[in-house]
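Residue numbering begins at 1 within each chain, and the chains themselves are lettered A, B, C, D and E in the order written.
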Amino acid sequence: MSELLLLFDLLLTVTLLVLATAAIMSREPRRAVILYIAFGLLLALVWARLRAPDLALAEAAIGAGLSGALMLAAARRATAAKRQHASQPGTKGETS
Amino acid sequence: MNFDAFLPAAIVLSSMIPGALIFFLKEESHRLRTVLNMTGALVKLVLVIWMIWGVYDGHSYETRLTLAPGIDLVLSADALSVLFVALSTLLWLVTTIYAIGYLEDSPNRSRFFGFFSLCVSATVGIALSGTLLTFVVFYEILTLATYPLVAHRGTPDAARGAKIYLAYTMGGGALLLVGAIWLQALVGPVEFTQGGILGNAPEEIRGTLVIIFFVLLGGLGVKAALVPLHGWLPQAMVAPAPVSALLHAVAVVKAGAFGIVRVVYDVYGVQFAHSNGLLFALGIIASITIIYGSLMALTQDSLKKRLAYSTVSQVSYIALGASIFGPIATIGGVVHLVHQGLMKITLFFCAGNYAEALGVHKVSEMDGVGKRMPGTSLAFTLGALGMIGIPPVAGFVSKWYLGLGAAEAGANWVLAVLVASSLLNAAYFLPILYKTWFRPTPTQWPAEHPHPGRLEIGGALLWPPLITAALALAAGLFAAAPFTPLEWASLIAEREYGR
Amino acid sequence: MMIDLLALAVAFPLLGAVVVTATPSHARGLGLASAVLTTLTSLVLSLGVWRDGSVRSDFGGWGAPLGIGLQADGLSVAMLVMSNLVALAVSVYAGSYFSATARRHFWPLWLLLWSALNGLFLATDLFNLYVTLELLGLSAAALGALSGTRAAVAANLRYLLVGLLGSMTYLMGVALLYSRYGMLDIGLLAEVIEPGLVAWTAMALMFSGLFLKAALFPMHFWLPPAHANAPAPVSAALSALVVKAAFYLVLRLWLDLFDPVLNASVANVLGLLGAGAVIWGSWRALRAERLKLLAAYSTVAQMGYLFIAFPLLVATPPGLARDNLLAAVVLLAMTHGFAKAGFFLAAGLVQKTAGHDRINELGGAAQALPAATFAIGLAGVALIGLPPSGTFLAKWIMIEQAMIQGLWWWVVVIMLGTLLAAAYIFRVLGHAFNREPTPYRFVNDARTEIPALLLAFISAFVLGLIAQPLWTLLDQGVLG
Amino acid sequence: MTPAWAKVLIPIVLIAIGAVLVWAFSLAALEGGDRLALIALERVPESGVSNPITSVLLNFRAYDTLLEVAVLLTALLGIWSLGPAAPAFQPASPILGGMIAWVVPLLILSTGYMLWAGGHAPGGAFQAGALLGAAGVTLALGGDASAGLPGETRLRFLSVLGVLVFTAVGVILMALGYGFLTYPEGYAKWLIIFIETAATLSIGVTLAAAYLGGEPRDERTSRSAT
Amino acid sequence: MITQFLYGGSGILLFLLGTWSFIVHPPLIRKLIAINVMGAGVFHTLVALAYRGLTAPADPVPHALVLTGIVVAVSATALALAFGQRLDRDHGSSADDD
């Protein structure tokens, strides 16, 4: 039982880290955001496993859901703008 | 709070409050501004006379404001401070009158008189400082208050002069600050005490104390225009004449010289300074400055610059007096604080008058001004003779005591310096006097502004130099009478060496 | 009936923000009313602490470690008084500064920022501090972007992001402390904390986060553009208060919590960074072409002095000297608050009159605005550290301590910074003296000029000469 | 972009920090014990609600939550101060429109449930508010330019409602002599529900308005999603 | 205990990943994702240490902290995105770089 649980925990953790890395490494904004949402949902699942159902709900609704929706809209705008001003040199949405 | 504890503060505030109020006045409110100025000056005079009386009677006045544990702002009156306060107050009154006349119809007068009053407040604060910290505070405030006066005209020249002035004085202020804090870190709060406080300093810190002395001297030497820190003084000549007068006679250079006297007598103690060779070093620096200033004055054609270098030279007499061990030289140095002030302010007033009435700025243009402006020229002549040291004008008294003191201390080289300097003084003043009185009047002055009245120039401009010249003469003629600068200086010397 | 001034100091600006959000057409009147009310509350609270000692209030009646409370001691009250007076002056100024549309946005955000500040100074709970930090960061960035230029928006976006990075780092440290000690209340933690890897790491995380927010060199890069491009009253608040809040937290956490953890080498690193800030910030201020940029770089430099105090504090054994030093640091922070706020407010007026703030072309504006020029001059006196400003007194004490401890290096840095400051301040003031003919009236628009002038005046005269009450105040739970 | 040396250096530094962090964390976790768990759980019955997290959020550490709602308000005000919103989205496809017709009511229903359940089961004001906000977002996705939000006056009022009720309750309790945010015995449950309801409305409205972006405009149709 | 280590450690990893990404990736959206991953890391650590086994109820205090943190994070994200949108809107318009 305990070994099985540990295996499950390991699996969750590895998936979580892989998703996070994928979200971070993705250059394409839309793809990055979608990966981030997936990461958030998985995180919610992990938290449910860690006996934090309230947080799981909140993370799914707010962390992954609303943040994701907000960023998705922004990513969509960015992609559209990039297509529009393809010829124009610029540093859209960049801050360094 | 009883009155004795408030009087020193009141003397500072009597010019500071009018000054602060004047800033808020509209440019057109001449009358109100004049009233404020004169009220401040007169109130200060009354308070100072009161204080002189009290100090003479052995009363002590002290205002103490604790800023932080162990850090007190102290204003107190002793004989030396009263001397300087009296000089500043008197000359401020005269200079204010002069400035009101001089700046008629020029722009930004509210700003000018505001800073003018602050400048005097700072000077009086320096005079009354009872601790080194307080001295530093007012010393820096003086820098701040004089900068706008130097820059007042707003011309590119003025901006340059002000910048140089600031660079020097800020640097000097920083040195003084470091020195003062260093000293405090070593021996605790430094209160000015007759006879000094370092007399029984432990042997192992003596070396450090000597270093600190030179750091402090560097800081004070900037304002006192000791060579090679005098560079700002000729540049600051761009300021309006009343400012130059005040800067040279009362405020800035005097503050530096006064500070040197304070540090030598009331911090280090003349005994300590003497036995550690500090006095000798100071004497050398002062002598070099005296000779160098006179030589430079000789080469200047601009009247104000010649006077400026003369100041460099003359102010160092005070330092010289402090550097000779013995009460008589001390009297000479301290009394010169007053005498030089009276004479130099006269000369600057006169220079301002020549420029204002005739457009004469250069020595070479002064042919025959005596006939055209006899009153001003009379005052100028008295001042110049005093500077050379011709009896019975005040300057003679100072030099006499300095020489006597030097002879007594066996410092014959000082006598040589005095003689050389007097000859040089004569060399750069006598030609002016000759031109003034014995050369024909030219047909055309550089830029003449005829004065409508029967006087050669407005009364507010004529009377101040006459008064100060008369005072300089009186200080020499009646030197032995009670309450003269000389008598007071003797009192100071007595107290410094007495303990 | 019970009046809990601690709660009200946070609740009043919060309620004010609510009210002005709901009725934007009356934003100015209601906003000013809340400002006055908040300031009064804080002053009464401070007076109480000054007279009777620190006060604490536990919300919900649970008490630490379960509940949260607010606490006012000498240190927090000193910062509270400074912030509220500055904020009040900024409010009065802002009442006339902003256009009608900008006003609608300014007031609610401004009051939220104010409640965050008050909440931060009074907080006792590490997580509660995180929330106030975020409230502060978000409202500050939003306010900074109110001028609407692209430069302002970009700079404040960067500020927002850097602030977030800082708070996240801080939060990680808090999480670490909670996992080890199981509590969040500073006072309780202080009793159990012991030097070791956990405390050390937590401190490093929390302090790095706060250094980012305090713009400690070399993490200052975000500050100059953000502060220089914000509207003047906001710049004033950002430079005078917001970065100061982060410094306050460093000081507070160090004194109350990490004292056993912090050793001389850590303090020396802080001092070294501070020295870097002093030199670099002053140098850049000297080279700045624009007045507000100059002021912003000057903030970087002035924050440096505050951090130089750490090595001095560590080197000084407990006692009167250390107490003096501590009070000097607080005095320095307070003076800079007043001075920089006054400076920015005055700079805003100059900028508005001239239409730009390029220093070399400011002559006419300076001449036309004597009050603003004066404010810059007075604030400059305090920024340089000339007497009789509070900075002078503070620097005097710091230098004296450094000399007594034989730490000459810091004396050199402080003096160098002072001279550089004199150079950059007088570079500005030099332009006030020119031959532009303008009718002289000292005060032209009282509602904007008087606040600037008063702030500058307090920094240059009041704080230095009447510093004694600060010592009394700090005796309440900080010194000794 | 980051220079080449930084590309190497940053990960190395971070890995080092990470090693220290993990080490410190393992030490901390080992010695941590029960932390506040027992104290908190023990006092949950006194808090007026049976869900421990809600007790912490709205009673033990209610002041934190008040400031948190204020942070949300700040974000919204900041968004409004940045000017008008981005161009509207393209109208929804019929399928999406059909979905919205049943998703939105469902979301609003679950908002109510979540709010109520928060007292004793997983849920509470934030989750409920998020669902409400999600309803607004769904409407916006469906092409509703106002995301179902009311006109400016009411929108402003709703957005501050949470902070207003929270603070007002705190101050009134203080004035009554209980202390700021100190609920009198027996009233805790109802006061918490009152605050939560207000907070839920505010959170929902704020999230939806934040999603839309831009200042509120008066000409908006005042259709309410609430 | 091992669960706490596992999840706590992964929280720290997430925090570091986020920090790294925040520093090296300039686009706003990537920075925001990075910040959110950092936050998630901290929250995850807190949730992990609140966990007291399958049978015992978890520590509610960290949970409350995390809930607060999530809301703060979404607020900050929304505000930052509005900033970014404002910059995009201004992009290309002239004479506003003053």
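In this text, contacts are C-beta pairs under 8 Å (C-beta built on N, C-alpha and C of every residue); 3 or more make two chains touch, one makes a residue touch a chain.
Just so it is clear, the structure is predicted and the values come from calculations on it, not from any experiment.
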| item | value |
| --- | --- |
| Where chain B and chain D overlap in contact partners, by chain label | C |
| Third chains touching both chain E and chain D | A, C |
| Furthest chain, CA centroid comparison against chain C | B |
| Between A-D and C-D, the pair with more C-beta contacts | C-D |
| Central chain of the complex, centres being mean CA coordinates | C |
| Chain whose average C-alpha position is farthest from chain E's own | B |
| Chain C and chain E: spacing of chain centres that average the CA atoms, whole Å | 27 |
| Euclidean distance of C-alpha centroids - chain A vs chain E, Å | 10 |
| For chain B paired with chain C, centre-to-centre distance based on mean C-alpha positions, whole Å | 42 |
| Between chain A and chain B, centroid-to-centroid distance (C-alpha), Å | 76 |
| Touching two or more other chains - residue numbers and ranges from chain B | none |
| For chain A, residues that touch 2 or more chains besides their own | 54-55, 58, 62, 66, 70, 73, 77, 95-96 |
| Chain C, residues touching no fewer than two other chains | 66, 127, 131, 134, 138, 141-142, 145, 153-154, 157, 161, 172, 178-179 |
| Chain A partner contacts - residues on chain E that touch it in the complex | 2-3, 6-7, 10, 13-14, 17-18, 20-21, 25-34, 36-37, 40, 43-44, 47-48, 50-51, 54, 57-58, 63, 66-67, 70-71, 73-74, 77-78, 81, 84-85, 87-88, 91-92 |
| Chain C-facing residues of chain E, complex | 8, 15, 18-19, 22, 28, 31, 35, 38-39, 41-42, 45-46, 49, 61-62, 65, 68-69, 72, 75-76, 79-80, 83-84, 86-87, 90, 96-98 |
| Of chain E, residues touching chain D in the complex | 1, 4-5, 8-9, 12-13, 15-16, 19-20, 23-24, 26, 45, 49-50, 52, 56-65, 67-68, 70-72, 74-76, 78-79, 81-83, 85-86, 88-89 |
| Residue ranges of chain B in contact with chain C within the complex | 23-27, 65-71, 73, 107-111, 133, 136-138, 140-141, 143-144, 147-148, 151-155, 158-159, 162-163, 166, 170-171, 173-174, 177-178, 181-182, 184-186 |
| For the chain A and chain E complex, residues of the former touching the latter | 6, 9-10, 13, 16-17, 20-21, 23-24, 29, 32-33, 36, 39-40, 43, 46-47, 50-52, 54-55, 58-59, 62-63, 66-67, 70-71, 73-75, 77-78, 81, 85, 88, 90-96 |
